[in-house]
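After this come two complexes, each holding chain A, first together with chain B and then together with chain C.
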Partner chain A sequence: MILGRIVGTVWATRKNPKLEDLKLAIVRPYFWYDPSHDVDHLIAVDQVGAQVGQDVLVCVGAPGRWVAGDYRCPIEASIMAIIDEVRIASESLSDGTPRFALRESFKPTTLQWTRGRT
Partner chain B sequence: MMLGRVIGEVWATRRNPRFDNRKVLLVAPLERGDDGKLAPTGSVVVALDTVGADIGHTVAVAWGSGARAVFQPPDNRWVLADAAVARIVDAVTLGNDEEEQHLE
Partner chain C sequence: MILGRVVGSVWGGKEAASLGVSKLVLVSPVKFAPDGKPIEVAADGPDSPLTAGLKIAIDQLGAGVGEYVLIGHGSRIRDLTVGATLPTKDVLLAIVDSCYVDPALFPDAEVQP
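Let's look at the complex of A and B:
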(Lines of atoms letter the chains of each structure in order from A and count residues from 1; the text may use other names and numbers.)
(Lines give C-alpha, C1' and ligand atoms only; values in the text may rest on other atoms or scores of the structure.)
Protein backbone atom coordinates (compact mmCIF):
# COMPACT_ATOMS: atom_id res chain seq x y z
CA MET A 1 0.00 0.00 0.00
CA ILE A 2 1.03 3.60 -0.37
CA LEU A 3 0.14 6.88 1.30
CA GLY A 4 -1.13 9.80 -0.73
CA ARG A 5 -3.25 12.93 -0.74
CA ILE A 6 -6.48 13.37 -2.68
CA VAL A 7 -6.08 16.24 -5.11
CA GLY A 8 -9.24 15.89 -7.15
CA THR A 9 -12.16 13.81 -8.31
CA VAL A 10 -13.10 12.30 -11.67
CA TRP A 11 -16.61 12.55 -13.10
CA ALA A 12 -17.70 10.43 -16.03
CA THR A 13 -21.12 9.81 -17.54
CA ARG A 14 -20.19 7.21 -20.10
CA LYS A 15 -18.13 4.51 -18.49
CA ASN A 16 -17.59 0.80 -18.29
CA PRO A 17 -20.64 -0.79 -16.63
CA LYS A 18 -18.36 -2.35 -14.03
CA LEU A 19 -17.55 1.14 -12.79
CA GLU A 20 -21.18 2.15 -12.17
CA ASP A 21 -21.76 3.66 -8.71
CA LEU A 22 -18.06 3.89 -7.99
CA LYS A 23 -16.56 7.24 -7.04
CA LEU A 24 -13.14 7.97 -8.49
CA ALA A 25 -10.52 10.15 -6.85
CA ILE A 26 -7.17 11.50 -8.09
CA VAL A 27 -4.45 10.66 -5.56
CA ARG A 28 -0.97 12.12 -5.43
CA PRO A 29 1.34 9.53 -3.82
CA TYR A 30 3.76 10.64 -1.11
CA PHE A 31 6.19 7.85 -1.92
CA TRP A 32 6.53 4.70 -3.97
CA TYR A 33 8.18 1.54 -2.76
CA ASP A 34 9.66 1.01 -6.18
CA PRO A 35 11.18 4.04 -8.00
CA SER A 36 10.41 2.46 -11.38
CA HIS A 37 6.71 2.63 -10.54
CA ASP A 38 6.87 6.28 -9.61
CA VAL A 39 3.99 8.25 -11.08
CA ASP A 40 2.79 11.76 -10.37
CA HIS A 41 -0.77 10.76 -9.62
CA LEU A 42 -3.15 7.84 -9.94
CA ILE A 43 -6.91 7.34 -10.02
CA ALA A 44 -8.37 5.26 -7.21
CA VAL A 45 -11.83 3.96 -6.39
CA ASP A 46 -13.15 5.66 -3.26
CA GLN A 47 -15.57 3.72 -1.07
CA VAL A 48 -14.83 5.51 2.20
CA GLY A 49 -16.02 8.99 1.22
CA ALA A 50 -12.70 10.84 1.30
CA GLN A 51 -12.60 14.56 0.47
CA VAL A 52 -10.11 16.55 -1.54
CA GLY A 53 -7.12 17.43 0.66
CA GLN A 54 -7.35 14.38 2.89
CA ASP A 55 -4.51 11.89 3.27
CA VAL A 56 -5.42 8.34 2.37
CA LEU A 57 -4.04 4.82 2.32
CA VAL A 58 -4.22 3.31 -1.18
CA CYS A 59 -4.13 -0.35 -2.15
CA VAL A 60 -2.71 -0.88 -5.66
CA GLY A 61 -2.71 -3.74 -8.13
CA ALA A 62 -4.84 -6.88 -8.25
CA PRO A 63 -5.92 -6.86 -4.57
CA GLY A 64 -7.34 -3.37 -5.06
CA ARG A 65 -9.41 -4.68 -7.94
CA TRP A 66 -11.48 -6.77 -5.54
CA VAL A 67 -13.20 -3.78 -3.87
CA ALA A 68 -16.16 -4.06 -6.21
CA GLY A 69 -16.54 -7.73 -5.24
CA ASP A 70 -15.21 -8.98 -8.55
CA TYR A 71 -11.74 -9.15 -10.01
CA ARG A 72 -13.02 -8.54 -13.54
CA CYS A 73 -13.16 -4.79 -13.06
CA PRO A 74 -11.03 -2.09 -14.71
CA ILE A 75 -9.64 -0.95 -11.35
CA GLU A 76 -6.02 -0.84 -10.31
CA ALA A 77 -6.09 1.24 -7.14
CA SER A 78 -8.58 1.68 -4.33
CA ILE A 79 -8.70 3.76 -1.17
CA MET A 80 -8.51 1.73 2.03
CA ALA A 81 -8.72 4.38 4.71
CA ILE A 82 -8.50 8.05 5.60
CA ILE A 83 -5.33 8.60 7.60
CA ASP A 84 -5.52 10.29 11.00
CA GLU A 85 -1.92 10.10 12.01
CA VAL A 86 1.43 8.65 10.98
CA ARG A 87 3.94 7.78 13.68
CA ILE A 88 7.56 7.11 12.81
CA ALA A 89 10.18 5.88 15.27
CA SER A 90 12.55 8.71 16.11
CA GLU A 91 15.59 6.46 15.60
CA SER A 92 14.57 6.15 11.94
CA LEU A 93 15.21 9.85 11.50
CA SER A 94 18.83 10.85 11.99
CA ASP A 95 19.68 14.52 12.63
CA GLY A 96 16.21 15.51 11.63
CA THR A 97 16.78 14.29 8.08
CA PRO A 98 14.57 11.40 7.01
CA ARG A 99 16.66 8.46 5.84
CA PHE A 100 13.64 7.32 3.93
CA ALA A 101 12.29 8.53 0.66
CA LEU A 102 9.51 10.72 1.97
CA ARG A 103 8.68 13.64 -0.24
CA GLU A 104 9.06 17.11 1.23
CA SER A 105 5.34 17.68 1.40
CA PHE A 106 4.91 14.67 3.67
CA LYS A 107 5.30 15.49 7.32
CA PRO A 108 4.45 12.79 9.85
CA THR A 109 2.44 14.31 12.67
CA THR A 110 4.32 12.52 15.42
CA LEU A 111 8.01 11.88 15.12
CA GLN A 112 8.75 10.86 18.68
CA TRP A 113 7.84 7.31 19.41
CA THR A 114 9.83 5.00 21.57
CA ARG A 115 9.63 1.27 21.40
CA GLY A 116 7.90 -0.44 24.27
CA ARG A 117 5.13 2.13 24.42
CA THR A 118 2.00 0.39 25.58
CA MET B 1 8.61 -11.67 -0.02
CA MET B 2 11.12 -9.12 1.16
CA LEU B 3 12.93 -8.26 4.35
CA GLY B 4 12.15 -5.00 6.07
CA ARG B 5 12.26 -3.20 9.39
CA VAL B 6 9.18 -1.75 10.99
CA ILE B 7 9.73 2.00 11.45
CA GLY B 8 6.28 3.35 12.13
CA GLU B 9 2.57 2.97 12.25
CA VAL B 10 -0.37 4.54 10.44
CA TRP B 11 -3.57 5.40 12.31
CA ALA B 12 -6.89 5.61 10.54
CA THR B 13 -10.44 5.67 11.88
CA ARG B 14 -12.43 5.91 8.66
CA ARG B 15 -11.76 2.63 6.89
CA ASN B 16 -13.03 0.50 4.10
CA PRO B 17 -14.81 -2.49 5.77
CA ARG B 18 -12.51 -4.80 3.83
CA PHE B 19 -9.65 -3.39 5.84
CA ASP B 20 -10.32 -6.04 8.51
CA ASN B 21 -9.32 -3.88 11.53
CA ARG B 22 -5.66 -4.68 11.38
CA LYS B 23 -2.65 -2.66 12.41
CA VAL B 24 -1.01 -0.75 9.54
CA LEU B 25 2.78 -0.66 9.64
CA LEU B 26 5.39 1.43 7.82
CA VAL B 27 8.19 -0.90 6.77
CA ALA B 28 11.63 0.12 5.47
CA PRO B 29 12.94 -2.55 3.05
CA LEU B 30 16.41 -3.93 3.85
CA GLU B 31 19.17 -4.83 1.42
CA ARG B 32 22.72 -6.06 1.83
CA GLY B 33 25.07 -3.09 1.99
CA ASP B 34 28.76 -2.79 1.06
CA ASP B 35 29.81 -3.96 4.50
CA GLY B 36 27.73 -7.12 4.13
CA LYS B 37 25.20 -5.99 6.70
CA LEU B 38 21.54 -5.43 6.05
CA ALA B 39 20.71 -1.75 5.67
CA PRO B 40 17.58 0.23 4.75
CA THR B 41 17.29 0.94 1.02
CA GLY B 42 15.67 4.30 1.59
CA SER B 43 12.16 3.51 0.46
CA VAL B 44 9.08 2.85 2.56
CA VAL B 45 6.19 0.44 2.16
CA VAL B 46 2.93 0.21 4.04
CA ALA B 47 1.81 -3.28 5.09
CA LEU B 48 -0.97 -4.84 7.14
CA ASP B 49 0.14 -6.67 10.27
CA THR B 50 -0.87 -10.30 10.82
CA VAL B 51 1.69 -11.47 13.41
CA GLY B 52 1.80 -8.69 16.02
CA ALA B 53 4.97 -6.96 14.78
CA ASP B 54 6.09 -3.76 16.50
CA ILE B 55 8.49 -0.87 15.85
CA GLY B 56 12.07 -2.13 15.47
CA HIS B 57 11.16 -5.68 14.45
CA THR B 58 12.67 -7.13 11.30
CA VAL B 59 9.88 -8.71 9.27
CA ALA B 60 9.16 -10.57 6.04
CA VAL B 61 6.56 -8.85 3.87
CA ALA B 62 4.48 -10.62 1.24
CA TRP B 63 3.54 -8.65 -1.87
CA GLY B 64 0.72 -8.23 -4.31
CA SER B 65 -1.74 -11.07 -4.67
CA GLY B 66 0.55 -13.14 -2.47
CA ALA B 67 -0.28 -10.82 0.41
CA ARG B 68 -3.83 -12.12 0.43
CA ALA B 69 -2.54 -15.66 0.84
CA VAL B 70 -1.20 -14.59 4.25
CA PHE B 71 -4.77 -14.33 5.49
CA GLN B 72 -6.75 -17.45 6.25
CA PRO B 73 -9.53 -18.58 3.90
CA PRO B 74 -12.24 -17.56 3.35
CA ASP B 75 -10.99 -14.06 4.26
CA ASN B 76 -8.13 -14.09 1.81
CA ARG B 77 -10.19 -12.96 -1.14
CA TRP B 78 -12.08 -10.46 0.92
CA VAL B 79 -9.25 -8.58 2.61
CA LEU B 80 -8.09 -5.47 0.79
CA ALA B 81 -4.30 -5.54 1.05
CA ASP B 82 -1.39 -5.58 -1.38
CA ALA B 83 1.28 -6.04 1.31
CA ALA B 84 1.15 -8.01 4.53
CA VAL B 85 3.66 -8.77 7.27
CA ALA B 86 3.95 -12.57 7.15
CA ARG B 87 6.47 -13.25 9.90
CA ILE B 88 8.91 -11.74 12.35
CA VAL B 89 12.52 -12.57 11.48
CA ASP B 90 14.95 -13.62 14.23
CA ALA B 91 18.18 -14.14 12.27
CA VAL B 92 19.48 -14.28 8.70
CA THR B 93 22.54 -15.80 7.04
CA LEU B 94 24.04 -13.90 4.11
CA GLY B 95 26.66 -15.01 1.59
CA ASN B 96 29.52 -17.42 2.23
CA ASP B 97 30.66 -16.26 5.65
CA GLU B 98 27.75 -18.22 7.08
CA GLU B 99 27.73 -15.92 10.03
CA GLU B 100 24.27 -15.44 11.39
CA GLN B 101 23.13 -11.90 11.87
CA HIS B 102 20.90 -11.87 14.87
CA LEU B 103 18.27 -9.26 14.50
CA GLU B 104 16.37 -7.53 17.20
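Let's look at the complex of A and C:
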Protein backbone atom coordinates (compact mmCIF):
# COMPACT_ATOMS: atom_id res chain seq x y z
CA MET A 1 0.00 0.00 0.00
CA ILE A 2 1.22 3.49 -0.70
CA LEU A 3 0.50 6.89 0.73
CA GLY A 4 -0.72 9.53 -1.69
CA ARG A 5 -2.81 12.62 -2.12
CA ILE A 6 -5.88 12.92 -4.29
CA VAL A 7 -5.15 15.75 -6.68
CA GLY A 8 -8.03 15.42 -9.07
CA THR A 9 -10.82 13.40 -10.60
CA VAL A 10 -11.50 11.76 -13.94
CA TRP A 11 -14.83 11.42 -15.72
CA ALA A 12 -15.35 8.87 -18.45
CA THR A 13 -18.54 7.59 -20.04
CA ARG A 14 -17.11 5.30 -22.71
CA LYS A 15 -15.31 2.70 -20.67
CA ASN A 16 -14.93 -0.98 -20.03
CA PRO A 17 -18.33 -2.27 -18.82
CA LYS A 18 -16.79 -3.66 -15.65
CA LEU A 19 -15.68 -0.18 -14.66
CA GLU A 20 -19.23 1.20 -14.64
CA ASP A 21 -20.34 3.03 -11.48
CA LEU A 22 -16.81 3.27 -10.13
CA LYS A 23 -15.40 6.62 -9.07
CA LEU A 24 -11.95 7.34 -10.42
CA ALA A 25 -9.47 9.61 -8.68
CA ILE A 26 -6.09 10.96 -9.75
CA VAL A 27 -3.62 10.19 -6.96
CA ARG A 28 -0.13 11.53 -6.65
CA PRO A 29 1.94 9.18 -4.51
CA TYR A 30 4.26 10.65 -1.92
CA PHE A 31 6.74 7.86 -2.47
CA TRP A 32 7.07 5.41 -5.31
CA TYR A 33 8.50 2.10 -4.24
CA ASP A 34 8.08 0.42 -7.59
CA PRO A 35 7.36 2.88 -10.37
CA SER A 36 6.14 0.96 -13.36
CA HIS A 37 5.49 4.05 -15.47
CA ASP A 38 7.39 7.27 -16.10
CA VAL A 39 4.56 9.37 -14.77
CA ASP A 40 3.86 11.19 -11.54
CA HIS A 41 0.30 10.03 -10.98
CA LEU A 42 -1.85 6.95 -10.86
CA ILE A 43 -5.56 6.48 -11.29
CA ALA A 44 -7.23 4.68 -8.41
CA VAL A 45 -10.79 3.57 -7.81
CA ASP A 46 -12.26 5.34 -4.82
CA GLN A 47 -13.89 2.88 -2.42
CA VAL A 48 -14.35 5.17 0.56
CA GLY A 49 -15.68 8.47 -0.80
CA ALA A 50 -12.53 10.52 -0.43
CA GLN A 51 -12.38 14.15 -1.49
CA VAL A 52 -9.85 16.00 -3.62
CA GLY A 53 -6.99 17.18 -1.41
CA GLN A 54 -7.18 14.39 1.14
CA ASP A 55 -4.32 12.07 2.00
CA VAL A 56 -5.26 8.48 1.23
CA LEU A 57 -3.95 4.97 1.45
CA VAL A 58 -3.82 3.29 -1.95
CA CYS A 59 -3.67 -0.46 -2.37
CA VAL A 60 -2.02 -1.54 -5.60
CA GLY A 61 -2.59 -4.94 -7.12
CA ALA A 62 -5.01 -7.81 -6.65
CA PRO A 63 -6.35 -6.85 -3.18
CA GLY A 64 -7.44 -3.57 -4.71
CA ARG A 65 -9.55 -5.57 -7.13
CA TRP A 66 -11.16 -7.68 -4.44
CA VAL A 67 -12.57 -4.75 -2.50
CA ALA A 68 -14.37 -3.52 -5.59
CA GLY A 69 -16.96 -6.24 -4.92
CA ASP A 70 -16.03 -8.15 -8.05
CA TYR A 71 -12.51 -9.45 -8.46
CA ARG A 72 -13.01 -9.48 -12.21
CA CYS A 73 -12.98 -5.69 -12.46
CA PRO A 74 -9.87 -4.52 -14.33
CA ILE A 75 -8.62 -2.34 -11.48
CA GLU A 76 -4.98 -1.74 -10.70
CA ALA A 77 -5.29 0.42 -7.61
CA SER A 78 -7.96 1.16 -5.00
CA ILE A 79 -8.23 3.83 -2.34
CA MET A 80 -8.65 1.90 0.90
CA ALA A 81 -8.58 4.56 3.60
CA ILE A 82 -8.58 8.27 4.26
CA ILE A 83 -5.58 9.28 6.36
CA ASP A 84 -6.19 11.28 9.52
CA GLU A 85 -2.64 11.44 10.72
CA VAL A 86 0.81 10.21 9.75
CA ARG A 87 3.51 10.04 12.39
CA ILE A 88 7.12 9.43 11.57
CA ALA A 89 9.52 9.07 14.49
CA SER A 90 12.57 11.24 14.60
CA GLU A 91 14.77 8.11 14.70
CA SER A 92 14.09 7.82 10.99
CA LEU A 93 15.78 11.17 10.46
CA SER A 94 19.50 11.52 9.93
CA ASP A 95 20.74 15.08 10.40
CA GLY A 96 17.19 16.30 10.22
CA THR A 97 16.60 15.04 6.69
CA PRO A 98 14.47 12.00 5.99
CA ARG A 99 16.26 8.95 4.60
CA PHE A 100 13.48 8.44 2.14
CA ALA A 101 12.46 10.73 -0.66
CA LEU A 102 10.07 13.07 1.10
CA ARG A 103 10.05 16.44 -0.59
CA GLU A 104 9.54 19.65 1.26
CA SER A 105 7.26 20.94 -1.49
CA PHE A 106 5.11 17.83 -1.50
CA LYS A 107 4.58 16.04 1.76
CA PRO A 108 1.49 14.72 3.54
CA THR A 109 -0.64 17.47 4.99
CA THR A 110 -1.44 15.08 7.82
CA LEU A 111 2.23 14.45 8.64
CA GLN A 112 3.56 14.92 12.16
CA TRP A 113 7.13 14.42 13.19
CA THR A 114 7.48 12.84 16.60
CA ARG A 115 10.41 12.37 18.88
CA GLY A 116 11.14 9.17 20.72
CA ARG A 117 8.71 6.31 20.90
CA THR A 118 5.14 7.14 20.11
CA MET B 1 -3.95 2.67 -14.31
CA ILE B 2 -2.61 5.90 -15.70
CA LEU B 3 -3.81 8.70 -17.92
CA GLY B 4 -2.52 8.92 -21.46
CA ARG B 5 -3.26 10.59 -24.74
CA VAL B 6 -3.75 8.78 -28.02
CA VAL B 7 -1.11 10.06 -30.42
CA GLY B 8 -1.51 7.61 -33.28
CA SER B 9 -2.41 4.17 -34.51
CA VAL B 10 -0.35 1.11 -35.36
CA TRP B 11 -1.11 -1.30 -38.17
CA GLY B 12 0.67 -4.59 -38.75
CA GLY B 13 0.69 -6.32 -42.13
CA LYS B 14 1.63 -9.59 -40.52
CA GLU B 15 0.90 -10.06 -36.88
CA ALA B 16 0.46 -12.82 -34.35
CA ALA B 17 -2.68 -14.79 -35.10
CA SER B 18 -4.10 -14.15 -31.62
CA LEU B 19 -3.99 -10.40 -32.22
CA GLY B 20 -6.71 -10.94 -34.81
CA VAL B 21 -8.50 -7.74 -35.74
CA SER B 22 -7.63 -5.93 -32.51
CA LYS B 23 -7.05 -2.23 -32.99
CA LEU B 24 -3.73 -0.98 -31.68
CA VAL B 25 -3.21 2.61 -30.59
CA LEU B 26 -0.09 4.52 -29.70
CA VAL B 27 -0.54 6.18 -26.31
CA SER B 28 1.67 8.76 -24.69
CA PRO B 29 1.38 8.84 -20.87
CA VAL B 30 0.69 12.29 -19.46
CA LYS B 31 2.20 14.26 -16.64
CA PHE B 32 0.63 17.28 -15.03
CA ALA B 33 2.10 20.73 -15.47
CA PRO B 34 2.19 23.09 -12.46
CA ASP B 35 -1.02 24.71 -13.72
CA GLY B 36 -2.80 21.34 -13.58
CA LYS B 37 -2.93 20.84 -17.34
CA PRO B 38 -1.99 17.39 -18.65
CA ILE B 39 1.09 17.32 -20.87
CA GLU B 40 2.27 14.34 -22.85
CA VAL B 41 5.40 12.67 -21.58
CA ALA B 42 6.49 11.92 -25.14
CA ALA B 43 5.51 15.30 -26.55
CA ASP B 44 9.00 16.31 -27.62
CA GLY B 45 8.85 14.80 -31.09
CA PRO B 46 9.99 11.60 -32.72
CA ASP B 47 13.70 12.08 -31.97
CA SER B 48 13.26 12.61 -28.28
CA PRO B 49 14.41 9.90 -25.90
CA LEU B 50 11.10 10.47 -24.17
CA THR B 51 9.31 8.71 -27.02
CA ALA B 52 10.56 5.55 -25.33
CA GLY B 53 7.69 6.17 -22.93
CA LEU B 54 5.12 5.57 -25.64
CA LYS B 55 2.86 2.61 -25.07
CA ILE B 56 1.03 0.49 -27.61
CA ALA B 57 -2.32 -0.53 -26.20
CA ILE B 58 -5.21 -2.70 -27.34
CA ASP B 59 -8.24 -0.52 -28.03
CA GLN B 60 -11.72 -2.03 -27.85
CA LEU B 61 -13.53 1.27 -27.31
CA GLY B 62 -12.67 3.12 -30.50
CA ALA B 63 -10.55 6.00 -29.26
CA GLY B 64 -9.51 8.68 -31.72
CA VAL B 65 -6.22 10.52 -32.01
CA GLY B 66 -5.98 13.34 -29.48
CA GLU B 67 -8.34 11.82 -26.93
CA TYR B 68 -7.29 11.30 -23.34
CA VAL B 69 -7.62 7.72 -22.22
CA LEU B 70 -7.17 5.52 -19.18
CA ILE B 71 -4.75 2.67 -19.75
CA GLY B 72 -4.26 -0.33 -17.52
CA HIS B 73 -1.06 -2.33 -17.41
CA GLY B 74 -0.41 -5.94 -16.57
CA SER B 75 -1.31 -9.47 -17.44
CA ARG B 76 -4.22 -9.62 -15.00
CA ILE B 77 -5.78 -6.51 -16.47
CA ARG B 78 -5.41 -8.07 -19.90
CA ASP B 79 -6.98 -11.37 -18.80
CA LEU B 80 -9.97 -9.55 -17.34
CA THR B 81 -10.62 -7.34 -20.35
CA VAL B 82 -9.47 -8.64 -23.71
CA GLY B 83 -8.71 -12.25 -22.82
CA ALA B 84 -5.63 -14.20 -21.87
CA THR B 85 -4.67 -15.10 -25.43
CA LEU B 86 -3.73 -11.61 -26.60
CA PRO B 87 0.01 -10.94 -26.48
CA THR B 88 -0.12 -7.51 -24.84
CA LYS B 89 0.10 -5.95 -21.43
CA ASP B 90 -1.36 -2.50 -22.04
CA VAL B 91 -5.12 -2.21 -22.43
CA LEU B 92 -7.22 0.89 -23.02
CA LEU B 93 -9.87 0.88 -20.28
CA ALA B 94 -11.75 4.14 -20.70
CA ILE B 95 -11.99 7.24 -22.86
CA VAL B 96 -11.80 10.28 -20.62
CA ASP B 97 -14.48 12.95 -21.01
CA SER B 98 -12.75 15.38 -18.70
CA CYS B 99 -10.30 15.40 -15.88
CA TYR B 100 -9.72 17.96 -13.20
CA VAL B 101 -6.52 18.50 -11.27
CA ASP B 102 -6.24 21.14 -8.59
CA PRO B 103 -3.00 23.06 -9.29
CA ALA B 104 -2.67 24.00 -5.64
CA LEU B 105 -2.36 20.33 -4.73
CA PHE B 106 0.23 19.64 -7.39
CA PRO B 107 3.03 22.03 -6.51
CA ASP B 108 5.75 20.95 -8.92
CA ALA B 109 5.89 18.97 -12.10
CA GLU B 110 9.15 17.07 -11.79
CA VAL B 111 9.07 13.39 -10.92
CA GLN B 112 11.08 11.87 -8.09
CA PRO B 113 10.81 8.15 -8.72
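Quick note on the criterion: the second predicted complex is superposed on the first by the 98 of 118 C-alpha atoms of A that agree within 3 Å, B and C clash if a C-alpha of one lies under 4 Å from a C-alpha of the other, contacts with A are read in each partner's own complex, and residues count from 1 in each chain.
Note that contacts are C-beta pairs under 8 Å (C-beta built on N, C-alpha and C of every residue); 3 or more make two chains touch, one makes a residue touch a chain.
Just so it is clear, the structure is predicted and the values come from calculations on it, not from any experiment.
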Clash or fit (per the criteria above) of chain B with chain C on chain A: fit
Partner chain in contact with A:Leu24 - chain B first, chain C second, else both or neither: second
Contacts of A:Val67 with chain B and chain C, given as first, second, both or neither: first
Spatial angle chain C-chain A-chain B, Cα centroids [nearest 10 degrees]: 120
Partner chain in contact with A:Cys59 - chain B first, chain C second, else both or neither: first
Touched partner set for A:Ala81, first chain B, second chain C, both or neither: first
Partner chain in contact with A:Ile2 - chain B first, chain C second, else both or neither: first
Contacts of A:Gly49 with chain B and chain C, given as first, second, both or neither: first
Smallest separation in angstrom, by C-alpha atoms, between chain B and chain C in the superposition: 10
On chain A, positions contacted by chain B and by chain C: 32, 35, 62, 101
Residues on chain A engaged by chain B in the complex (per definition of touch): 1-3, 31-35, 47-50, 57, 59-64, 66-67, 78-89, 91-92, 99-102, 108, 113, 115
Sites on chain A touched by chain C in the complex: 5-16, 18-19, 24, 26, 28, 32, 35-44, 52-53, 62, 65, 72-77, 101, 103, 105-106
Chain C - residues contacting chain A, complex: 1-3, 29-32, 36, 41, 53, 60-62, 70, 72-74, 76-77, 80-81, 91, 93-102, 105-113
Complex contact set, residues of chain B against chain A: 7-16, 18-19, 24, 26, 28-29, 40, 42-48, 54-56, 64-65, 67-68, 77-83
